[in-house]
Structure formats: structure tokens, C-alpha cells
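Consider the two complexes below, in which chain A is the common component and chain B and chain C are the respective partners.
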Partner chain A sequence: MHFNKWRLFAATTIATVALAMPTIASIRIVTSTGDLADIAKTIGQGHVTVTRLTDGRQDLHQIEARPSMVSKIRQADLVVVIGMELDGWMDSILRTAGNPRVMNGKSGYLDASVGIKKLPAKVNPNAPGVGDVHRSGNPHYWLDPLNGIIIADEIRDRLIQIDPDHKSDYDRNYTAFAQAIRTDMARWKASIAEFKDVPVLSFHSSWDYFLKAFDIRNAGTVEVYPGMGSLGVDLPTLKTRINRGDYAVLIYEPAQAQANSALFKHLDSTRIRLAPLIPSVIDSSATATYRGLIDHNIATLKSALTSSR
Partner chain B sequence: MTLKGFIMKQWIFLVVLGCAVSITAQTPNSAVLVGAVGTMQGGYHLNPNKQSDDQIGFNELELTIQGKVYPDVDATLIVAIHPEDGQFATEVENGFVEFSSLMDGVGASIGRQFVPFGKQNKLHPEQQAMIDRPAVVSQFFGAENLAADGIALNAILPLPFFCRLELGHWKNTLAGTPADLPFSPTGYLSTGRLWSSVELSDSAEAELGFSGLQGFGPEYATQRDDATIIGTDLTFRQFLGSKSRIMVQGELIQLNRNVDGISAARSGGFLLANYRTETGFEIGVRYDHSERADIGDPALDRRLSLNLMQKFSETYFGRVEYIHDLETDSPAIYGQLVFNLGSHTHALQ
Partner chain C sequence: MSILCVPFIACALLAAIHGYFGLHVLRRGVIFLDIALAQLASFGALIGAIVGFSLGSPEGYLISVSFTIVGAAIFTLTRSSARRDIPQEAIIGIVYVVAAAAAIAALSRFPGEGHHLQEMMIGNILFVWPPDLFKTTLLYAAVGLIHWLCRRAFWAVSDGDTTLKGAKWWDFAFYATFGIVVTSSVKLAGVLLVFMLLVAPAAAALLLSQRRPIQVALAWIFGTICSGVGLVAALRWDIPPGAAIIVTCGAGLLLTWGYSRMQHS
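Coming up: the complex of A and B.
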């Protein structure tokens, strides 16, 4: 009986250690957004645990840093940020966390924008300092799926640096992800190819990469000053241009419609078709993954483009 | 004042401004952050007896230069210029070097900085929830943020939730010692702060902090004037949407003084509630209740304040605050415009 107790104790201990092993061994990744989190999860699958600090519903410019974010960064082996001043609030969290593995300049810190061919940020030529100021360019680059491949490539390289034992797994996952995106890309492009001459207006300049990626005609933005909503918008001129056919579809984010409800009410009475797109991964069925996000946005845009005819 | 006198008086400002322009011109990337925060402010008292305190105009300009000077080492210089006695006074408000990672989870900062006590003292004006600081903070730490020269060590404790211990030793050379100045801890100060936080859900967080300070009162140079301050703070934030959130914050502080053998305990606190909408509009209300720090004057400072704020852009906001002094039944209205040119960051508070 006594012997059995010891055997039971030993078996329990071994089982506990065995169960804990994958957790201990896995690389802890923290990302500023859900898009980066999903790509990191895909490339590192089986060897990483990934935590995102924000949700796609939140305005990345307006994030209030929280102490609990510090705790997550404290545990991290790799931190991935969007960069280009969009998630600048990460700096104070990283400084407070004091985790030497992920400080800027270390192998555990990855600014995903480094390898991206950047588009210029929108500025009002008459008031260049007014509104969202992004000196490094337009930061919404992840909305071009081919940039998603570049992000994946950077994450793969960084994972191999941190965990060279699983290089072949990361290479295989990256190749599969890149292939899937390229296959999807051909499908997405084909699905909206017939609308390439339809002028699409964006509320904010967050969709420049997306429109360029799919050869959609970018007719500009509603915002006169970047990030400042309907301020300074000449509504009669906007309506005239819509009725003249200068703009057929307006793409926007749901929070922008909520914050600028008066302007959107006016647009209801025009011919413009509204396409509410989601800018970042949200934990819901349709847009819970990076590929799902692009898929959802293409389907929504296609629906608006079709009804604009 | 002659031009020479003006230049002599404002030399720090001119040197910093010159450096800022020069550095900005030479570093178009974000390696060095150069910024300026300006505050325009006005106040109108509805009580005719207090209208001599009415004011409007330039309130403060903070010039900031920040950058990395070594891996994991950041330097910050903040020069403030503000009106004083009809002229402008210039001072180095903060000038410190911060070591983010001396060891895993251990950091330090050396130089002049706002002393870490509670949630309020480290906040710069543009970070505050309202135009004025809570009464208990003004009564026990002085009219301006308590800044001092010294060293602080901090460590994130190895717990399953956020918990940070910060210990500091300081010398406050800014407060001066004249007895007619408002109370402010003076001389050599020792501080400790334990700051913890629990994530209640993906969108809600609660913070609890305990702070202590041991030092001297303003009369310590001529007689015994020991001062000990202890405090606790609680903050709850619930994030509701893209930008909207609710915040409730409270702080209780007790000051123990011993002036030439006479002991006195003074206490106070505040309770603040703030709601921000999706459009960047904020409404806040705060109740202040504080005894005065003076050893011979246990009078109360009680206020009820209502604050409305509109954030026009990432770099520009305006707010209006109605303050009702409950002790004297005197209402006043304050307005403030804050602009931010360039860029700067502050440590997480």
C-alpha cells in the first residue's frame, strides 16, 4: 500500500512535468495587434504561445497603455509591433517592463514595418502638421496581403534566431502561409477584377495599401485632415462629386461611422454605396484570422461594388 | 527689463530651444524626440471677492528632448517656462537618465524628476484628467508637481499579476524654505511605492497602489519639521469601444508632521469619475476633501468639480472646468487649451 502511494506520486509528478513541458518550451510572443498575432501563430504553430495586446475594434492611435500589458511583455521572448508611430504606446510599456530579451535593438524585438515598401502618409498640404502625424509613412501596411507575407518572413527569421532547433518547422509554416496567401490573392483579385475602374473613396487613408494591392481605383479620402473625421469636409461639394460619379463606393470602419454619424446620415441620401470594412483581426467568426479578415473585406467591398452598378 | 537682462534670465530656455531646432534639423527620423507642450489657460471667479485671482493667457510651455543614449538607456530633458510675478520663469523640470533593464525586471533612473507618489504627482499637465490637481495633492505636495534630484530603483516583482516596487532617495532643492510658501516636502526625501494591477477582463483593469514618503517640512532649516506622508490609490478602467472608456479613481493621503515637538496628522482624498465617448469628448466629475497641511490651520479644502473636455486631434485639446469651493461657497470657471508640437513620450503611470 505504501509502495503504491509512492508509485502514484511518481506517476503524477511525471505526468505533470510532461504536461508542462510544451508550455515551458514554447516561445512566448506578444504582438500589438491581432493581425500580427495571427501571422505569428501561423508561422510558429506548435512552438509558440501568442498574446495580442489590442483588439481590432480599438483605435490603435488612441490606446491607453495598461499595467497588465507590462506583465505580458515581462514574460515575452519576442515582441512584434506595427511601428511607424502607430503603436508608439508600446514604447512606454517596453521601458516599464524592463525585459532585456525584448528591448528595442535586441533579437526579441521586431518592428514588422522594417521590410515594407512604404506608401506616403496623407497630409493636408495647407496644414501639414494637423491631424495624425506619421513621419515614417502610411502605417496601415498589413492590409496588403503581400505585405502579410513580408511580415511572416520577418517573424520566421526572428523565430529561427531565437529557436534554431525548429528552423525546418518555421520554414515549412512560412512556405505554406505564403503559398496560401498567393493562392488567395489570385482568387481575391479575380473576384473584383471587373471593378478596377470603379472609383472608391476611403473615409481615412487606412486603405491605401489594400486598394493598391487589388488594383482598385483609389479616389482619395473623405477626411480633409488625417484622423480628424468630418472636420473641414465640404459636404455640398462631396455630394455633388458623388452624384457626378466621381465616387461610387465609400469604404470606412464601423467606429468612424459611429463617431461621424451626422456626415454618414447625409451620405445615406446619395448614390454612394457604403462598404464597412474591418481594419484589424477581431475575435469573431468572420475576421478572427488574418486571411479571414482580408476575405471578409474583399467580400464586403465586392458586394458594394456590385450594387454600385 | 533690458534685452541683456531678458536674455540672461531666459538663457536655459534659449539654449534648449536652439538645441531643439538644431537636433530636429539634423535628425529627420525618430531617433531623437523633440517636442513642445503649450498650455493656455483662463479662470473666472463668480464670487466678486475672488475676482482678483482671475487670469487668462499663456500658462506654461514645456520643451522636451528625449532619446536613447545607449541600449536600454534613455535620456529626458524637460524645460518649463511659465509666468511668475509678471515675468517668465524658466526651470529644468525634469532632467534624468533612465536605465530600463539593469537586470531582468530591474530598472533605475537618476536625475531630476517628479517624485513617484500616488497616481497624480508624476503626471504632466497635459496628462491630468482635469485642469486643476486634486486638493489633497496641492495641499501635501505643493502648488506644482513635487520634483526633486535623486535616484530611484524599480523592480517588477515575480508575481502572476503586475506588481512594481519603486524606492527612491531625493533632495528637493526647488521648494525653498520660506514659511509663507504652501507646504511641500523639502530637503532629503525617501520614497517608496508599490503599484499593482489586475486585468479583470480583456477590457477592464483595476489598479491598487501604496505610497510612502519620509522627509521634512519647509521650516526644517530653522527648527525640527519632520514630515511623513502615506497614501493609497485605486483606479478602475473599463474600455467600451474604439475610443470610449470609463475611469473611476480615488486616492487617500495622510500627512504626519512634527514641528518643534508639536505633532499633527492631516488627511485628505479625492474621488474622480470620467467618461470618454467615441468622439473624443470627455466628461468628468471630482470631489475633493482635504485638510490643510499647515500645523496651526486645520481648515478644510473641499471642492466639487465638473470637467468637459474635447480632444480635437492627437495633438490638441480643450477643456472647461467648473469648480465649486464648498467651504467658501465660491464657484469658478476655468478654460484650457493644450497643444503639442513634435513628439515626446512619458513613462507608464
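Coming up: the complex of A and C.
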């Protein structure tokens, strides 16, 4: 038997492919929102493929399930949800998909809210009713960047459980992400530090974590019944309080302005400055990443705060 | 493909019982009866939840069903004492709106997750859970059997035969059994899909045949085929299956109408 160039080539090729296999077979992560998807992508870089089931433009309460969502969950190795009843429809999809790897309680199922220090759901002390209150607290926790680090930490732990071979990569990615957020955090805080005493009103209570994280004065919400829009809002009183200077800036989400256009028309004629913030990561936009999302919101809020002076 | 296996079986089941009830409903001219009864049932379930019985519990179900029965009694009384100038459909509309508004009023004061409760009362065909499907099948089989055994009386009251002995009670039995079926269906498949599977297959069957047994069979076949086509379309274009089936039923009805026009000209 003599030496054969082709045989060597074939053997090398097979060996290379075999060695490369573990990196090709990446961990499939499915998340309910784009924020979780972006953090998962950052932590799992190179070893994961991440799919998100919704877009920041959609109302997480009202998601119509599509067949592809079930198939994606069927193939998933790790499912990450916001939890706290915000994306409860994920549970229905998980049940229908019947994928044993990602069932609630398995290492492939991560409720990102577990490690979060939760704020109560109700902040408006004048509200006579309760409306759409989440029993387990206010679920908009990802808007506090430090909670982003907690989410990243939880995702890292799960990735290490599922794929211990790449532990050092996940650790390194996590450390870099946490470091970047902390650096940004200092910059973000500094950029709006001078507006500490400006009272900021939110349309819905979705900005409680955000306002707290940046030491901004939270003056409550426009909504009387959480999630019920302008229902029951006492417009004359609201206007009086705006004119009196109780509220200087209003944070709202674009979809809320569309759904309550009559109310917003009235607000346009008042002194209140509008800050349209984006609640969740949206692909191919300025807010396509988690850090980009916070960055964009801080910049928008800052310009509203500045003009309120 | 297997994702849509259970939903298809559920649709075939819904098409069977609702195709039959749809023929009654069209005969009586009470098109929105199902929506009114379903809304009453979900208001009942909500009251049950506020009192402290969880949605899945037997007590909660009992409260929900008793609200449906009250609705059945209202419709029985308003039908037999029908004034010409106030159509039955007006009463149905009023019952629906009152039940819906009462639910909104109750929800606004209910310290819990209102959205969540409503979601649990209104199902999605994609999420049909096999054990639920099995229970529902048994219930429909029982109702179907009662209607088969008493078919003469049920059709007589729907045809408006007042000479029948105990016509009022048969009327009540019709509304009550229909209410119980609709409540389970809505929980399984949602309001819109249940409404479509009730009315469209029956209308198509009426276009194609004059004979009742054939109409019942045609309604089921129509509903099942449209569901199958709708589900395949949902998979192909990745759209919510309920919506896909409803649109397919509408298209199917249009085709059937065109076909029947061709036959008659």
C-alpha cells in the first residue's frame, strides 16, 4: 500500500469536519422578546442561534400565535420568557409544542424574572380601581439596565448547564456585557443628572424600573386603570396639574398615542413635553440592540427634559 | 405538519356538532344566539372566579353553565311571546351587550389579571389540549345523542310548530343544550371560529340540498374540508389558524353560492 495524496486529503477533511461539528451544532435559543434575544445573542456569541417570537412594536398582551412559533419552540434547546404574566401565551405555545427540553422546571426553560427585585404593579395612589394588574408585580423590569445584567447572568448559567464545554466563552461574554452596561450606565446617568427634580409622568406604569434606575422623579401615570388607556382619565384635573407644574414631561409609547389619539390631542395643547420612548428592541432600527434601546430612550428623554426648562 | 393534527381533529368535531346546530339556528333566524350564550357563560365564569372558584374547577363550570341556562330561559320566553315588532335577534343582541358590559364592569374591579382570565375563556384552535378535546368529544356525543333521539321534536319547534305538546320545554331544551355546547366550543376554539363553523357550513348545505339528513352531512363535510384547507394555508403562510379557517369558510361559501347559481340557471 503506498501513500495516496487523495486519501490523506479525505482523511484530513473528515477530521476537520468532525472537529468542527460541535461548533456547527449551535444551541437553539427562542425568546419571547427582542430584548431577551439580544442579551442571549451577546452572551452566547458563536455558539447559539437566537430567535425571538415578537417584535417591540407588538403588544405583548395580545399576541396571536402562529404555527411557526410552535415549530420554533419544538426545536429549541433553551426558551427564555419575561414571565410575571406578561408573556403568558408562551406557556400555551410551550404546552402545545411539548418539547421536553424546555418544559417549565427543566434547565431549558428560563423565566428571566426569577432573580429580579420586583416593583409593585400599582403606583397610582389615586386610582379607584385596579384594572389590568399583574399579580406578581410590575413586569417591565428589563428597562432597568442593571436588570439586564441579571438577565445576562441567568442566561449565562443556563448556557453553561446546557453546554459546559464553552463555559469560558460564556463567562467572558458575560463579563464584557456587564462591564459595557456599567460603563454606559455611568454615562447615561451623568447625561441626565441635572434633571433629577423634573417630575416625569408615564402613560402606563411600564417605566417605573427605568425611572428608578436613572433617579428620575416618577410622578405617576396618566392611566387610572393600568392597561385600560384613557378610560376614566379626568382630563381637566390632568390639565390643571400640568399647568401647575406637577408634571413636566410625559413618557409614552408610540402605540399608546395611536390608541388614545383624542387624549393626546388635548395634551398637545398643554405645557407638558412629550417623550416617545421605545419599550422593547425592534429589528433594523436605532433600537435594534438592548444597549441601543436604552441609549435611544435616554437621548429622547433628555431632549424632552431639556425643552421642559 | 403534526402541529396541526390535533387542531384538525378539533375542527372536524366542531364542524359536526355546529353544522347540525347551524341548520337549526338558520331555521330559527337567531344568528347571533351562540355569541350571546357564550358571553353569558364567560360572565358566569368571571363571577365564579370573583367569588373564589377557579376557572377549571367544577363549581366554576357549574356557575358558568347556570348563567347559560338563565339565558336559555330568557330566549325561550321571549320567543314564545314574540311580538312582531321586536324580533328575537334584538333580544339576543341586548343579552350579548349587557353580558359583555357586565363583564367589563366586573373586570375593572377585580384584583387579578383581567387579560389572563379572558384569555382562558376564549380558546385558540392552535392550543387545543388533547385531554380537553377528549372531554369535549364526550359532551358533544351526549348532546348529539339526545338530539338524535328527539330529532322530531327539536325540528318541529325550530320549524315553529306550536301544536307540539310541551313546545316551550323543547324550546328550552334546545337553547340549553346549544348553550352548553357553545360554551365548551368557545373555550376550545374562540368566538369567531365557532361562529363561522356554526353559520357558514349550514348556509352552504342549504344552498346544495333540500333534504335535512343530507344537509347535516353536507354541513359537516363543508366545515371539515374548509378547516383542513384553512389549516394547511395557516402552515404554508404562517398565519393564525383560526383566522385562516374563517377566511377559507367564507371563500368556500362564495364558491358554493356560485355553484348553486349555475345549477339553477
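One rule holds for everything that comes next: the second predicted complex is superposed on the first by the 277 of 309 C-alpha atoms of A that agree within 3 Å, B and C clash if a C-alpha of one lies under 4 Å from a C-alpha of the other, contacts with A are read in each partner's own complex, and residues count from 1 in each chain.
Convention: a residue touches a chain if its C-beta (ideal position, glycine included) is under 8 Å from a C-beta of that chain, and two chains touch if they have at least 3 such contacts.
This one's a predicted model, so the numbers in the text were calculated from it and none came from an experiment.
Given the superposition on chain A, are chain B and chain C in a clash or a fit?
Clash.
Let me test your reading of the model: by the given contact rule, A:Arg95 touches which partner, first (chain B), second (chain C), both or neither?
both
Should A:Met228 be classified as contacting the first partner (chain B), the second (chain C), both, or neither?
both
Between chain B and chain C, which makes contact with more of the residues in chain A?
The partner making contact with more of chain A's residues is B.
Under the stated touch criterion, which partner chain does A:Pro236 make contact with: chain B (first), chain C (second), both, or neither?
A:Pro236 sits against neither chain B nor chain C.
Which partner does A:Ser71 reach: the first (chain B), the second (chain C), both, or neither?
Both partners, chain B and chain C.
Based on the superposed arrangement, let me know which partner A:Gly105 touches: chain B (first), chain C (second), both, or neither?
first
With the two structures laid over each other on chain A, which partner does A:Pro164 touch: chain B (first), chain C (second), both, or neither?
So A:Pro164 meets neither chain B nor chain C here.
If I apply the document's touch criterion, which positions on chain A are contacted by chain B in one structure and by chain C in the other?
Residues 61, 64-68, 70-71, 74, 85, 88, 92-93, 95-96, 129-133, 135, 225, 227-228, which sit in both footprints.
Can you name the residues of chain B that touch chain A in the complex?
Where chain B meets chain A, its residues are 28-30, 68, 71-72, 74, 98, 100-107, 154, 156, 161-162, 164, 195-199, 202, 205, 207, 237, 239, 241-243, 245, 278-280, 312-315, 341, 343, 345-348.
Flag every residue of chain A that touches chain C in the complex, lowest number first.
Counting only chain A, the residues touching chain C are 61, 64-68, 70-71, 74, 85, 88-89, 92-93, 95-96, 129-135, 225, 227-228.
Applying the document's contact rule, which stretches of chain A touch chain B when the two form their complex?
These residues of chain A touch chain B: 55, 57-59, 61-62, 64-68, 70-71, 74, 85, 88, 91-100, 103-106, 129-133, 135-136, 225, 227-229, 231, 255, 258-259.
Write out the stretch or stretches of chain C touching chain A in their complex.
3-4, 108-116, 119, 124, 126-127, 129, 234-235, 238-241, 243
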